[in-house]
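Read through the structures below before going on.
Presented sequentially are two complexes of subunit A, the first with subunit B as partner and the second with subunit C.
And then the complex of A and B:
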């Protein structure tokens, strides 16, 4: 309730809150570790799991001799140390200043160093050196013990030391480790754990979630609730496949199909903007009605036209780009750098949107219009124009995201294929705290759970908890998130409030 | 606006002749006019959709300049025929009406009433579900979780339905209590979260939809619910004593109108009473229209949020029970499929008023049954989803009257546009 009195937030209360949170996270991590030891560690000690680290035979992980492995390891550790500590070492002061001044240089150096470290470590851990499919076999119970003890130790340190900043990052890493342990446990025995496949499909699924939540973020940062993302998805999916099919899916037509999908999304964004900004209609009602319209139209057009004109609803997929060098990294390469074009577009869109929102004049205007429109108007910003721009741009992005349903996997349009992902994108937007990078992370998390529940069919016989529970997991996480269990959320102050010029 | 006493009355309006006066009055925006215009716009849009998607008509339009009359006539014929079938499938079949005039007996009357019965049967759960949504909308709460609440209500009613074998007089109320309790619990949970943590009810109820779909999928493969020997995931059926009795099935087996319609009517009266006569209803209205004033007046907003969502959820659960015990008597994995979202549009179309919701739901039922008839009987095989398109356009026009007011230059339209305040996510 925006009208209720808020308590005053001082640095002291903030510190108390974060310290409490750190304690809670630490206890959670310890509990997770205990569960890991009891659950995964309790597995039969003879059971092993074979993890697949790549499915692309073109990307051979270079096998090197023992000596070179040691050299690589030392080099990697040295690079990481220099990148992080250069300022404190007197003889490397110039290098330290370089890392301070060039934005992102330190991150790249750490990534290169980590790559050099992980390479020999994975080779020693027994990645299959001769087969084309790189795999690693681990002991299930042993993994459970290692994960559990590590988790408990980290949790105990966190609860004891009360970190302010790093608490949530550690909790999320702990959750990821828990999930990895779960996967290893589920795939125990004869079947291979297709880790790369699951992660790659997770990234593919999170593409349209990313674009959808980015659209929501843009609209809501400007103060307009865009609940019509689902409708824009449908419009984009249908428009893109019809356009691509009509021009037989050549490269040019696929590019234009993406633009066309975006234009359809932007059209519905424009309608939402007109109703919300010119007439001051209730934005949630307009959004719901737009979704109803798009759903009905897509059903009508797909049954009436596309069923009889199959040539308008073909299977045309966007080209898959394998980035040279990067796509050769095991696990990370196939997952992040060997995907269809839309995945790269989505990542680029997130980065550009983050820059545009927080580093440009336009972004400042959008955010100010969403927080305090009257103040923005006082300094001469045209509130309505800025909101129009943001909502239409958001619609364009959501429409392109809709193309991800059809052109992404290269499948024809079927009625109901968006399956409510537009609404999940809204929840992701809230989960990501109305920030593009937050939306990126939340989309990846949701994409992972969605891909997980889709892939668990393989291991159904070994699954103790029902598969439907895994299916419901993202939704339960969302409820927990919006009810503030994972920290406080604060939407843009003028979100959903019609603006009247004074 | 009344003239003040100090100022003389403004100059008399210029005298207009009767026709002009009628035009002026007709352009005064009121809800009835908006409804008629919305229906008109919807039908026109649907007609354009038919013409655009029929290849033969498109070819005839390519000869438009050589045979303008024939082109227009054939297009108009196709559209008219589709709408005729839509009407006949929804309300009454002209052929059976003629038979009735020739032979006025109970049996022919029953045959003539089959489409109407289908409409009302389909509308029954929608009335109750739309009422539930309307309660939420009137206090500015958007309960998108209709589907989940319908599912939970239906599943609990099913549990009661096949577990006991009492008399219908006892068992049907028991099912109702279980269904209402289930729906109220699910929506009330969202209300508690909203009241105490600020979680927005749109997201929570939406997520409860998907959660309930997963739960339903899980339950239907459990031995308690699954029907032995059936692979399509259908559940056990409600016992005969738990089914809602049909009114006229002795006349014609296709007349499926059942006691649920009476329950829905009672619900309409109850909600009407709730909003116009009860203290809690007044408080909810007040919270919805002006939360600040309500808080100043001493209304405890947390309590009213929880009560409002629980009531809405109870009605949606009841809708699930009516759907279950009215026609099919068992649950499938896609039970309650579109009821949650249809109920939203029903409530919007009915402008959140109990009788408005009643007629809106009947309109939806008519479009559904009529749409199926249209698909079955038109030679050009026009798909029933055209009815959904028309519905969506009508709802769009009614929910946001600003568009119609602008397009048709209606006067005084701002009265219709004071739609409720949306608010953000907290």
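And then the complex of A and C:
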């Protein structure tokens, strides 16, 4: 009776808070845009940047005839129209209802349509060379103005409209626009900007962030804080490369190495589950101890064992799949559809996890034990079992993510290669509001900053900013996110709270 | 379905929560389980619902022994429970809450929301519940509606016995009336109901059979025809209870506290006290009535310095204190018995002696050189424990180990040990047993008679009427009206529901 609900944070509270913050984000973005315009918008207008669009051989696009372009243009426009207006057209009533009911479907359809429209237009504008869309040369001053103004517009909209739910999405897009402008400016002059290369490596990097944050999302949705993701990454990275090396040439698929990595991650998930659920230990302490153990163990193994048995620590990359047709789409193709298996696994995992969490019985129960376990208990749900399942599954996913460090780029295990990304994954989980799709989007953004900071080293001579600052960029964004720049988001109510039966 | 509990005994350490309890609930019967806090009602029901395992005893359904070790067993045997603190997940929709634990599936793991929604609406229609939107989030619903969701949840599990644990504690008088209608319709459809409460009036109005518990034992089984409020209370407490608070007419002095056009925002930034003005004079009790959550908390916090009002004046003996610190309020002579004593009134892990001087550590009596005068603090503890009849092992016992009534006595003893101009008591008897309630009421009346202005805030109508010299009714942050304690319960109920002065008088 005594602890009444007066301190309970309601959704309404958060909306009020986020609305206030939306103003702050907006002003920040506007300031960034202004910097962009002043700094290099007015820069020497003779500077140009050549953007490279394809390391992939986009063979079907150069032969696209004028007519085909028209077809594409019409198709794109048709998709946009249907997505926006289907409700009003009688014969398309069912489609209209689909777009009404499925959240985000309309947005995705509009983006696809717009993408189809843009390319014919770009080709007609003649910015391509030799009839192909391989490279595009742009004026740095021009892009500075365009992207600077775009940032300001996004910022102004945020500041004006005071979004609540859409605030972080707007912030994403605003930051992306700003970063793109920055990138073009940095790559001015001599070197070509490897846009596809950067984006493709961003996606590759974001796979383990995706899997890591997905792991965190699953665990925390069930009410257990999994701070051990970093440790599960290390375990997965090490286990997968040792497995791959040991079975190399024996006909065992590398994909099994992923499963093996997952099992190691699951093992540490299980340890966390036992300590937290059976013994009621502090979840954060247990998680930190697991990370400490894995870190130390990996150092021991790499200096004492792998150094002397180098055949156990080889360089094996996962097979790369180029999805027919889709991989030929300019820009999007090489970025999304010409990647190693793990990338596809990560995307699939996010989609499956989102469906499982919000559409299935298992998901409803996981979310219920993370919100109010005692209520779940009174309807006959075994809280501890559900949490065990979620934490072990989360460990498995993080372990598979760990394999991305070694098998993804195809490099041997080195001590410290996970570089704290397990913790960044936790920040991404918060950024993504404890939702798989949110984790996906946030991972891509973080992946982009990581890839960017890696690629910016190529243009070091042109940078005013010290390299160390660029390297620190992903971590700076993490701090900003965690310290609440992006607005407080309500975590699962029972997150981190041990459950004791009477 | 006939339900029988036979010889149930449950011990927690040295405490016997249930001792050889027998209870028979016949089909279609409203069976009231009456008893003070700590009488063992909740333990008994948690045993029946499988949340607690009994040490001894049997549960029989239709004269057959069944084992219930977890809530799932209880649900499978047709027992449903509506807990005092709702077992609903606030961020889930109504539909999600109702299906949780028995989700309809289409292909295996996927929830069939269509079936769930139609079943929900069907059930709601069957029992005449209003469910506007099954997808509405539960935390956005008013308390009464949340309670109906909780009942629907139990019914959807095909419960034939419903346990209702203090269901009316959170309802307004009007909502309680509506709730009684629901109970009767459930009874008419053949459900048995176990209704746990300590409100005698409700028991007499609705029960078919009444079982009274005291100190873990059944002390009597009766029916409303055979007894009255006085008889039930005597059974509950074990002695005759004086319901009427004896008090002389107030000898009213000058205005002590004057509140003018007070506006206060809550933690969400929403205005929860709107344009409140009133005066309290020396030697009178102003009772603030209202259903919980209508701005009482924020009003009291503004009157004690815990929350700064967004505008308005709080004038104590001519000095405007609005927006000043808690310390200034205390020094000016404001005493505060907070509604959440465990959180704001006491530090549970500290001893009684320490809690008794929390706000007086800078008082020379309790200081010695650079530190505290431990001897003086201890002596003070011994003396206060004696004079306020605080029952504990010693004055060094941690306050958290005391019962609610004794904790409240500690708070009261501390507040009264300063020179007071005004005493503000928020929910002074919430969760206390009858004996402690009598004691607290006596204290409040005594302090009034000593010439202090007193404000009590309570959601218990009986208490408001018994203590108040004037009654201010708060609804949605506004004072609806200030009426004398002779106002009828119906009028007070209407005011509490926001009907306003005009309608009451019309």
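One rule holds for everything that comes next: the second predicted complex is superposed on the first by the 391 of 502 C-alpha atoms of A that agree within 3 Å, B and C clash if a C-alpha of one lies under 4 Å from a C-alpha of the other, contacts with A are read in each partner's own complex, and residues count from 1 in each chain.
Going forward, a contact is a pair of C-beta atoms (placed from the backbone, for glycine too) under 8 Å apart; a residue touches a chain by one contact, two chains touch by 3 or more.
Given the structure is predicted, the values throughout are model-derived calculations rather than measurements.
Enquirer: Once the shared chain is lined up, is A:364 touching subunit B (first), subunit C (second), both, or neither of them?
Expert: second
Enquirer: For A:375, select first, second, both or neither according to whether it touches subunit B, subunit C, the two together, or no partner.
Expert: Touch status of A:375: second partner only.
Enquirer: Have a look and say if subunit B or subunit C is in touch with more residues of subunit A.
Expert: Counted on subunit A, the partner with more touching residues turns out to be B.
Enquirer: On the A-aligned overlay, A:356 touches which partner chain: subunit B = first, subunit C = second, or both, or neither?
Expert: In the superposed model, A:356 contacts subunit C only, not subunit B.
Enquirer: Please indicate which partner A:409 is in contact with in the superposed arrangement: first for subunit B, second for subunit C, both, or neither.
Expert: Touch partners of A:409: none, neither subunit B nor subunit C.
Enquirer: So, A:300: does it touch subunit B (first), subunit C (second), both, or neither?
Expert: first
Enquirer: Could you tell me which stretches of subunit A are touched by subunit B in one complex and by subunit C in the other?
Expert: After superposing on chain A, subunit A residues 1-3, 490, 493 contact both subunit B and subunit C.
Enquirer: Mind listing the subunit B positions that touch subunit A in their complex?
Expert: Per the stated touch rule, the residues are 49, 53, 142, 144, 193, 197-200, 202-204, 206-211, 214-215, 217-218, 291-292, 295, 301, 341, 344-345, 348, 382-383, 385-386, 388-389, 391-393, 395-396, 399-400, 402-403, 406, 417, 419-426.
Enquirer: Given the complex with subunit C, which residues does subunit A contribute to the contact?
Expert: These residues of subunit A touch subunit C: 1-4, 6-8, 10-13, 16, 356, 359-362, 364-365, 367-368, 371-372, 374-381, 490, 493, 502.
Enquirer: How about subunit C: which of its residues touch subunit A in the complex?
Expert: Those residues of subunit C that touch subunit A are 46, 49, 51-52, 70-72, 75, 81, 83, 87-92, 96, 99-103, 105, 109-111, 137, 139, 153, 157, 267-269, 292, 297, 339-343, 404, 430-431.
Enquirer: Quick check: in the complex, which residue numbers of subunit A touch subunit B?
Expert: Answer in residue numbers: 1-3, 220, 225, 227, 275, 278-286, 288-290, 292-293, 295-297, 299-301, 303-305, 420, 423, 426-427, 430, 466, 468-469, 471-472, 475-476, 478-479, 482-485, 489-498.
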